[in-house]
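Shared between the two complexes below is chain A, which pairs with chain B and chain C, respectively.
Moving on, here comes the complex of A and B:
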C-alpha cells in the first residue's frame, strides 16, 4: 500500500470514530466511549506518523486523487490530498495532541447526561478529522469545507457546558467572527475560480503562472479575502479578539487543542495558499506579502505580549500569550524563505507542547479550587508542588529557555528575520514567560502581597477586566479532592515532547527539509499535477547557534526578573491608566469585533497593494 | 439598449454580492439583538451564493441536467459552482442552527439577547 493511499484514512478514521460514537453512544457505557475515542485518535496518529516516516526523504510528495478523479492535461475537478511533510507533520501533531487531550479528560469530565457518553469524544474526533483534512488537502474549496468543519465543531466544544453563562457567550462570539472570516475566504476562492476556472491549489498556481505580470485588482482582492479569512483563525491582530473570549470559557482539554494547534493551522493555511497559489510570477509580489505579514506579525506580537502581562485570569493570560506567539510565527513566515519557515515549524511544535501543558496545569487548578484567578488563588496551591513545578517549567520554556523546542525555533526565526526581530522575540518571550512565572510564584509559592480583597476588585461591577473567580469546575462531583494521575502525567509528557523538539537532531533536519519543500512553489505544482520528483532541498538544516542560546538565556532571565519584580511590588488597587484603552478595545462585543474585522481587511488590502 | 443591458447585467450580480456582504457586516456590527445578528451572518453568506452563481453563469445557458439535453447541443451554466453553492448552503444551515441554539442558551442564562448587555468577558 503506497503512502498516498494512507492520506484519506488519516481523515476518515477519526471521522468514522465520531460517527460510531454518535451512533452507538446511547448504548455505550462511559469508559467504553472514552476508550473508543482514544483508539480512533491514536490510530490516526499512528497513520500520520507512519506516513511521515515513509515520506521523510522521498520525493515526490504523495498525492491521492480521491475517487480516482485525476486531472487530464492539467485540468480537472477532482479533489486531491497531498502528503507534503509540513501538512503531514501538522496532521501528526493534531492527532497526538488530540490523544493527549482525550487522555487528560479521561474520567475527569463532569458526568455527561445519561445516554450521551459518546458526545464529547465524538465531537473531539470530528474536530481532529477537520483539522487533519485541512492540513492535508490540496484543494482550495475543500480547505474551506474543512476550515468550516473544524470551526463548527470548535464552536460546539467551546460552548460544551451550555448551562453556564460565560461559555455560551464566548462560543457565540467565536462562531460569529470565525464564520464571517470563512465567508470572506469563500468570496476570495470564488474570485480565484472566476479567474482560473480551477479550485486545486496546484492548478490555480499553474494557471496564474501562465500569465506572468503584475497583480491586478482582482488577484489582490482574492488574496486579501482568503488571507483575511485564514488570519481570523490564526488570531492575527486585528482579527484576534475572539481568541481570548473563546479560550477563557472553553473546557480545558479543548483549550489545549485550540491554542496548541488550531490557531497555528490558520497560519499554515495562509502560508500554504501563498506558496502554492500566489508565489509564482503570475501571483502577488513577494515584497507586498512580506510587508503585510510583517506588519501584522509585529502588531500581533506586541499587543499579545502586553495583554498577556495584564491578565489575572489564567486562561486568558495563556490565550494572549498564544496571540503573542502567533505574531512571532507571522514574523518568521514573513521572511518568505525556507530558513524562517523551518524555524516556525520547530517553534510551532515546541509551542504546542508547552502551551497544552500550561493549559493542563491550569485545568488542575480550576478543578481543585473552582477558580483560575491569579489573586484569588494566591498561595492556595502550595500543596501541589508537582503541578506547580510543571507550570513553572512551562513558563520557562515559553520564555525560551534552551534546550526547549521553543527556544530553538525562536533562535532560528531571529536569525532569519534579522536583528530587530531578535529584540521583538526577546521582548515577547520575556513578557509572556514572565507573566506565567509571575502567576506561578503567586499561586504555587504564595510570594508577594495579596490583592487588596476588601475593596471590590476592578473586574466587578462594570470594570474593564475579566477575573477568573468563581468558575465552575469541570469535574464530576464538584471540586477535586485528589488530582487524578492522568491530569498530572499528560502535562509532563507534553513538556518532555517540547524538550525533545529542541534536542533531537533528526527532527531539525526533517524540519529543514519540510520547510524547503513547503516553500517550493514550482516543486509543489510539478509534484501534484505531474508526479515529478522535486529536486532535493539544498541548504543546511536549522540548528542551535551560540547567539540563539544566549538570547534564549537572556529572555529567560528577563522573564524571571520581570516575574520577581511584579510579585514584590504591592498589587495596585486599580489598573494603571494607560492599560484602560487597551482593555476597552477587548470589549467582548461581537459587533465591535466585526467592525475590527472589516478594518483589518482594509488594512491588509492596503498593505498588499 | 441591449448592449447597455448586457453590460449592466454583467456587473450587477457582483455588485449585489459585494453589497450583500457589506450590509451583512453592517448589520452584525450594529446589531442590538443576537437573533438579528445571526440573520445578518446569513446575509453575508448569501453574498457568497450570489457571487458563485454569477461566476458560473453563461449567456443563454440552461441548467446542467443532461437527462433531456444532449451534451454539447446547447450551452449550460457551470455545474461546479452549483455544487459549491450546495455545499455552502449545507455549511450555512449547520452554522445557523448552532448559532441559534447558542442564542437560546444565552437568552436562558443571561436573560437578554442584546449584545450590549452581555458583559461577562472583557479586557
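Moving on, here comes the complex of A and C:
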C-alpha cells in the first residue's frame, strides 16, 4: 500500500481510539483507559513518522483523494490529503506531543468524571485527530472542519476543572474569541467559493491564476477574513487575548499541547493558505502579505515579550512567551521565502519541546505546592533540584542557547529577515528567557528578596496583576508529597528532543527541503491536481552560522543578566506605573476582546490593501 | 478598557469590517446566475453513483471526509459536555418529584411521540433519496423521546433513557463510520471509497455506502443528542448546587 493511501489513517486512528474509550468508558478501569489512549496516539505517531521517513528522499508530496475522487483535467469534487513534509511533520509533532502529554498525565491526573475513565484521554485523542487533520488536508473547507474540531475539544479541555469558576471563565473566553475567528474564516471561504466555485486549496489557486491581475476587494476581503480566523488560533496581536486566559486555567498537560503545537498550527494554516491559494499571479501581491505579516509579527513579538516579563503567574508567563515567539515565527514567515520558512520550521520544532517541558515543570510546582506564583513559591522548591535544573535549562533554551533547536531556528530567521530582525529576536529571547530564568532563580534557588507583603497589597488583587496563589492542584488526593517519575522524565525527554533538533544535520536538510516544497505555489498545484512529482529546486539547507551562534550566546547572556538584575533588586510593592495601561488592556473582559477582534480585521485589511 | 474606549474600538472596528465585507459582496457573482461549477460536477457525480439526493452524495460520498470531521465535532461536543456538566464533588443529586401535567398536554404528547419517532426514522432511512438524512433525522428521533418528559415526567423519561446505553450508541456511530472507511481501505480502495454496489436508482438500497454511513450518522446523532440533553436536564432537574452557607471550596 502506498504512503498516500495511509494518510487518512493518521486522522482516523486517534478518532477510533476516542470512540473506543467513550464506548467502553463505563467498564474500563482507569489504567486501561490510559494505556489505550497512549496506544492510539502512539499508533498515529508511528504512522506519521513512518510516512515522513518513507517520503524523505522521494517525490515530496504524496496526495490522497479520500474516497478515490481523483479529479479529471484538474476539476473534481473530492477532498485531498497532502502529505507534504511540513504537513506530515506537523502531524508527527502533534502526535508525539500528545503522547508526551498523556504520559505526563499518567495516573497522576485528578479523577476523571465518575464512571467515565475514558473521557479525558478520549478528548485528547479527538484533539490530536483534529490537529492532524488540519495539518494534512489540502481542502479549505475541510481545514475549517478540523479547525472547529480542535477548537471544540480544546474548549472542553480548558474548562476541565469545573469545580472552580476561573477555568469556566477562561474556556468561555477561549470559545468566544475562537468562534469569532471561525466565523470570519467561514465568511472568507464563502467568498472564495463564490468567486471560484472550488474548495480545494490547489483548485482555488489554479482558478485564481487563470485571471491574473491586481487583487480586487473580494479577494482582499477573502484573504483578510481567512487569515484573521487562523491568526486568532495563532494568537497574533490583536487576536491574542484569549491565550493567556486559557493557558492560566487549562490543565497542565493541555497547556503543553495548546502552546506546543496548536498555536503554531494557526500560523501553519495562514502560511499554507497564502502559498497555495494567494501566492500566484491571480492572488495577493507578495509585498502586501509581507507587510501585513511583518507588522503583526513585530507587534506580537514586542507585546508578548513585555507582557511575559511582567508576569508573576508562571503559566501566564509561559503563555505570553508563546505569544512573543508567535511574533518571531510570523516575522520569519513574512520573508515569504524558503529560507525564512525553513528557519520557522526548525524554530517551531525546538519551541514545542522547550515550551512543553517548561509547562510540565510548572505543573510539578502546581501539584506539589498548590501555587504557580513566582513570589509565593520563593525558595520553596529548593528540594526539587532535578525539576529546577530542567526549568532553568528550558529557560536557557528559550533564550536561544546554542545548540538547542530554538537557537538554530532563530538564527536562520534572523539571517533571512535582515539586520533589524536580529535585534528583535535577541530582545524577545532575552526577555522571555530572562523571565523564565528569573522565576527559576526565585523559586528553585531562593535568590533575591521576598515579596514585601504576603498578603496582596490593596489594589493588587482586585485589579491589574494576576497572582498565581492558591491554585488547585490537578492531582488525585490533593498536593503531591512525591513527584511521580513520569512527571520528571517527560520534560527531560522533551528538552532532549529540542536539543536534537539543533544537533541532527539530517533534520536541517529535511527542514530545508520541506520549506522549499512548502513555498512552491506552482509545484503544489501541479502535484496535487495533476500528479506531477515536482521536485523543488534544491536550495542550501538552513544551517548554523558563526553569527547566529554569537547572537544566540549574546541573547542567553542578556537573559541571565536580566534575570540576575531582577532578583537582586527589591521587589516593588506595586506594579510600575507604565505597565498599568498594558495590564488594563488584557482585562479578561469578553467585550474588549470582541472589539479588538473587529479592529484587528480592519487593520489587517488595511495592511493588505 | 473603559466603556468609552471599548465602544470606540468596537465602532471603528465594526465600521471597517462592514466596509470590507460590503466591498467584497460587490464582487460576488449576480444572484440567479447559471454558472455553478461545483454544483454541476457534484450532481453529475451523484447520478453516476445512483444517489438520488445529490446533497447526501456530497455529504456521504464525495466529501465524506468532511462529514467524518463534522460527526467528530458533535461527538467531541457531547463528550465535552459530559465532562463539563459532571456532578462535582460538592454537588448533590436529588430525585425529581413527579409534577402534574395538564390533560391536553399529556394527550398531545402521547399522540405526537410515536408519530415523531416514526418521522425521524423515516428521515434517516430515506436520506439518500430525499431531503434529510442522519443529522436531521437523528435530532428528530432524539426529540421524540423527550416528548415523554412533557407528557409524563422526568422519571418516565429516565426509564426509557439509560444514558450509559446511549453513550455506547454515540461511540458506536462514530466507530462505524470509521470502520466503513477503513473497510474500503482494506478492500484495496481509498479510505471512505464507495465500494458497495450502487443498486437501483431511487430505491432504499441505492447509493452504495451512502445509506450505511448515513445510518451511522443517524445513530450517532440520535444517541449523542439524547446524552447531550440528559446532561443539561440532569444539571437543571436533579443536581443541586452546594448549600449556600458552605464555605467556598469546601470540597477541597
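One rule holds for everything that comes next: the second predicted complex is superposed on the first by the 600 of 609 C-alpha atoms of A that agree within 3 Å, B and C clash if a C-alpha of one lies under 4 Å from a C-alpha of the other, contacts with A are read in each partner's own complex, and residues count from 1 in each chain.
The rule we apply is simple: a residue touches a chain if its C-beta (ideal position, glycine included) is under 8 Å from a C-beta of that chain, and two chains touch if they have at least 3 such contacts.
Note that this is a predicted model, so its numbers are computed, not measured.
Q: Please indicate which partner A:571 is in contact with in the superposed arrangement: first for chain B, second for chain C, both, or neither.
A: The answer is neither, since A:571 touches no partner chain.
Q: I'd like to know which partner A:180 touches here: chain B for first, chain C for second, both or neither.
A: Only chain B is touched by A:180; chain C is not.
Q: May I ask you to decide whether A:152 touches chain B, chain C, both, or neither, giving the answer as first, second, both or neither?
A: Touch status of A:152: both partners.
Q: Classify the contacts of A:427 with the two partner chains as first (chain B alone), second (chain C alone), both, or neither.
A: Neither partner.
Q: Contact-wise, after the overlay, does A:8 reach chain B, chain C, both or neither (first, second, both, neither)?
A: A:8: touches chain C, not chain B.
Q: Look at A:46 in the shared chain and tell me whether it touches chain B only, chain C only, both, or neither; answer first, second, both or neither.
A: Neither partner.
Q: Can you tell me whether chain B or chain C touches more residues on chain A?
A: Greater contact footprint in residues on chain A: C.
Q: Touch check for A:466: first (chain B), second (chain C), both, or neither?
A: After superposing on A, A:466 lies in contact with chain B but is clear of chain C.
Q: Should A:249 be classified as contacting the first partner (chain B), the second (chain C), both, or neither?
A: A:249 sits against chain B, while chain C stays out of touch.
Q: Quick one: is A:607 in contact with chain B, with chain C, with both, or with neither? Answer first, second, both or neither.
A: After superposing on A, A:607 lies clear of both chain B and chain C.
Q: Taking the two structures together, which residues of chain A meet both chain B and chain C?
A: Touching chain B and chain C on chain A: residues 77, 141, 145, 148, 152, 155-156, 159, 162-163, 168, 187, 191, 193-194, 199, 584, 587, 589, 591-592, 594-595, 597-598.
Q: Please give the residue numbers of chain C that touch chain A in the complex, ascending.
A: Touch list, chain C to chain A: 1, 6, 9-10, 12-17, 20-21, 23-29, 35-39, 41-42, 45, 58, 61-66, 68-70, 72-73, 75-77, 79-90, 164, 167-168, 170-172, 174-175, 178-179, 181-182, 184-185, 189-194, 251-252.
Q: Show me the residue ranges of chain A that touch chain B in the complex, using the header's touch definition.
A: Residues in contact with chain B: 77, 141, 145, 148, 152, 155-156, 159, 162-166, 168-173, 175-176, 179-180, 183-184, 186-187, 190-191, 193-194, 199, 244-245, 248-249, 310-311, 459, 462-466, 583-584, 586-592, 594-595, 597-598.
Q: Show me the residue ranges of chain B that touch chain A in the complex, using the header's touch definition.
A: Counting only chain B, the residues touching chain A are 17, 21, 25, 28-31, 34, 37-38, 41, 44-45, 47-48, 51-52, 55, 80-81, 84, 87-88, 91, 94-95, 98-99, 102-103, 105-106, 109-110, 115-116, 118-123.
Q: Hey, which residues of chain A end up touching chain C in the complex?
A: Residues 1, 5, 8-9, 11-12, 15-16, 18-20, 22-26, 64-69, 75-79, 81, 112-114, 116, 119-120, 122-123, 126, 129-130, 133, 141-142, 145-146, 148-149, 152-153, 155-157, 159-160, 162-163, 168, 187, 191, 193-199, 216-222, 224, 472, 478, 584-585, 587, 589, 591-592, 594-603, 605-606 of chain A touch chain C in their complex.
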